[in-house]
């Protein structure tokens, strides 16, 4: 049976549902192009904020055996510098037919709006809002992703700033009920949901007697994250009726099928690039095609939300 | 995760360079590197200078390399790797002549390469460049493995006076090698690349970059103008094999 | 250097810091005794609630490659039936010098108090309060562990019901800031914290096109949970000054050392029993002893909180 | 995780028993089991009846076993395992006589055991008990592997009339076996255990229990009165080797 991998996301046509996740290879136009040439259906830039940031000092990432943990520290050139990067990337991705998703973050609601407005001027196809960042206005620095109200406020600020560009809000897994956060941001105008960001964790080296990351804590990605992501995507899919960029622990085409079954519209892939190289992106698309063909499905949409609750 | 290695021997190579010889082997290709971590200090890339046992040749230039120089026997070094892609020898190496060009700590992985190349029957020419005689690294070791050595120093205090590229020119004119391998400062690499292209010679150059994740994820180590769009030193390199 | 594994927990003396976690082998006196004979320093019974429960239908647990996921469904004989089990266990554990921790749960604040009172009559050494259960009085069935206020209310109800028996409250990892929940329950009278319970997740079988667990969602334990647990324990240790039963992903003595370094007082072990058999409990204690000896530490307390923030 | 197997052959063993022969092997010991999952139906333990290819002998008694009976060729069965601990043959098996006692589906793992035992040179006696001749399972297969067969039925419609324990008594009196292996209903096991103890014979009995996790975690499959305190059928068993 012929399989057609193309799919639709927020009015865009993707040649396949594999999306390069934010923060992986997304720091330059050439790396975004490389990801596209390696077979991604769409690519996401590294999250950019209001000001240039160097990020944390080394070690910033390590493979701890069942996944990766990272605390890169949101190094980025700042919204101003990002615009040139995005425009360059857009121009070079267009002939490949690969849409560009621009990821942004901020420390306050107002900053989200400002960054969104600047980044929107580069004309990305979608703006993704990383809300797993500490709210600097909150006395505990709680991430915006932690509660529905602040997540909704960020969403509104971004929507107001970007005009017609669709917005996907990227949720965090360390909440009691991700479905409620999803409902809040969709009510606030989010056009899509990206689920999920990394899970907070810590890796300790017993011989050193200290955390491996210089930042002590970091975000868990890769294989260990998959069941967490599947559950989050399934919860979000039940709660809202917008497209979902399902992300977390997808290492193979079979994993991609699972997250589609959980309710994702397209599939974010990040850490697989460490395990399999940049070619993972295209390979996972091919494997998904093979899985669909073997199982008798005609396209990714055929399995979307297959496990849905009755 | 990092593995902990213990320093079992320290060899002074020159006034600011030491080789740390560790307690175990790490199977690797010449040109590959490790991320070496000193908890509380830093984690940085270091070329694998030898694999059995693992050895790291460190030039003391700043906080991290100084901390490595401060390690005594029995001290711990945390290592993840081998990472990246190293040099590859000719498919049918016996009797083939290769030219190695090194500057700074770049001679360390070349010595590892020279050993491998000699073991499979290559003829090995080496050009080492340095500022003064005191900066020349590992010259005796290259001679010991039977490599033909040309040294240049900027002040002429050892070998011929001049830049290493002059020695390379000489070597290339003397006899055309099968391929050229280089590791060292970016300026030197650029010049060697230019020479190889002019002579139409296959070349494999090891490029430096600021490394963060070392895992091909973060993009920090991208080197522009390499053989592929979005070339990552930690993942595609550090050796660019063209 | 001689290593002394004995440690103190809430006035009790444990021969070693390895504690059998709740829900593993804790369904009968003989299984609790077996865990003790296998080398545990203390043992925890399976959580018991107000009424007998059968739990979910099969599949209820599966190894998904980087850990286990389970949704046993809190099968238990009800508080009444549990008392006999606990009294029998206590009598047989006493000669071994192994303290008994009784775990309880409820669906409402009042139920927690009732169950606690009944279970207290069996005289366990510690009562552990599993608050990862849906609050049936809440319209969304939010777990009590999800917010500080309901967690504190449960704590108060239990404390009021159990007299002098010390109470440890067991926290969930799927919250934005576990330190705040910890602070709330300690303020409400918790004598100790158990961190953490399983992380919610879902495992999907792509061929079947459905979740593997009959309950669809379940709790992730084992290797994938370790960095999540380490971070939670470190966060809790910073926030409160009570003993911590650090639990999650401990498979070896080295893992036990890591969780102690993160700030745990003693170490809960559950899923290791699947990977290594019941003997894992004693083996992990021996491995911890070896690690401490090699590294030159005299006892577990010497590494407690070693990674603490400056 | 479960692995998906495909039904490639179905053999009717008696009016309510089928053997599902699957498309691949699963290396296992006789007496070990798998958790077989039919998505949307149930997941339950089944003894491994043969390993190459994997075969499961199923008595249709309720929803799950009926669903298994309903599977046609090409249908999928999800399996995790092998789980638990099986039977162990004598260390020095050549020429040793062993006695196998089975009832119900319990004869399936015993047939697997009989094959293994014959392959290493044991003499194999088998006692099968059933209600009527129609319930007798796998008798021809035992004969085919060269095992000496005694059948008893409660109504005498096949073999001798009576309980299987009578046949066991006979066998024990005829020639003392090196060890006794049994699998079947709990009542039968209790009686056989009693007989073995009376005769002072080593015995390995496979016990049934309600299984949930199948991983030695949940405690559901505890069988009291076994060789160890807190004995778990899925982890320590199903075979209790004393």
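Details
We just call them A, B, C and D in the order they show up, numbering each chain from 1.
The rule is short, and it goes like this: a residue touches a chain if its C-beta (ideal position, glycine included) is under 8 Å from a C-beta of that chain, and two chains touch if they have at least 3 such contacts.
Since we're looking at a predicted model, the values are computed, not measured.
Across the assembly, the mean Cα position most removed from that of subunit A is the one of D.
We define each chain's centre as the mean of its Cα atoms; on that basis subunit C and subunit D are separated by 37 Å. Subunit D has its Cα centroid 64 Å from the Cα centroid of subunit B.
Separating the centre of subunit A from that of subunit D, both taken as means of CA atoms, is a distance of 51 Å.
Across the assembly, subunit B contributes no residue in contact with two or more other chains.
In subunit C, the residues that reach two or more other chains under the touch definition are 64-65, 203, 207, 209-210. Interchain contacts link the chains end to end along an open line, per the touch definition above. Shown are all chain pairs that touch, namely A-B, A-C, C-D.
Subunit A meets subunit C in the complex at residues 64-67, 69, 140, 142-143, 145-147, 172-177, 180, 199-204, 206-207, 209-211, 216-217, 220, 223-224, 227-228, 230-231, 234, 254, 257-258, 261-262, 291, 295, 303, 306-307, 309. Within the complex formed with subunit D, the residues of subunit C that make contact are 23-28, 30-35, 37, 46, 55, 57-65, 68, 70, 72, 75, 203, 205, 207-210, 212, 270-271, 273-274, 277-278. Across the complex, subunit A is touched by residues 1-2, 4, 35, 37, 39-40, 42-44, 76, 78, 80, 211-220, 222, 224, 228-230, 232, 235 of subunit B.
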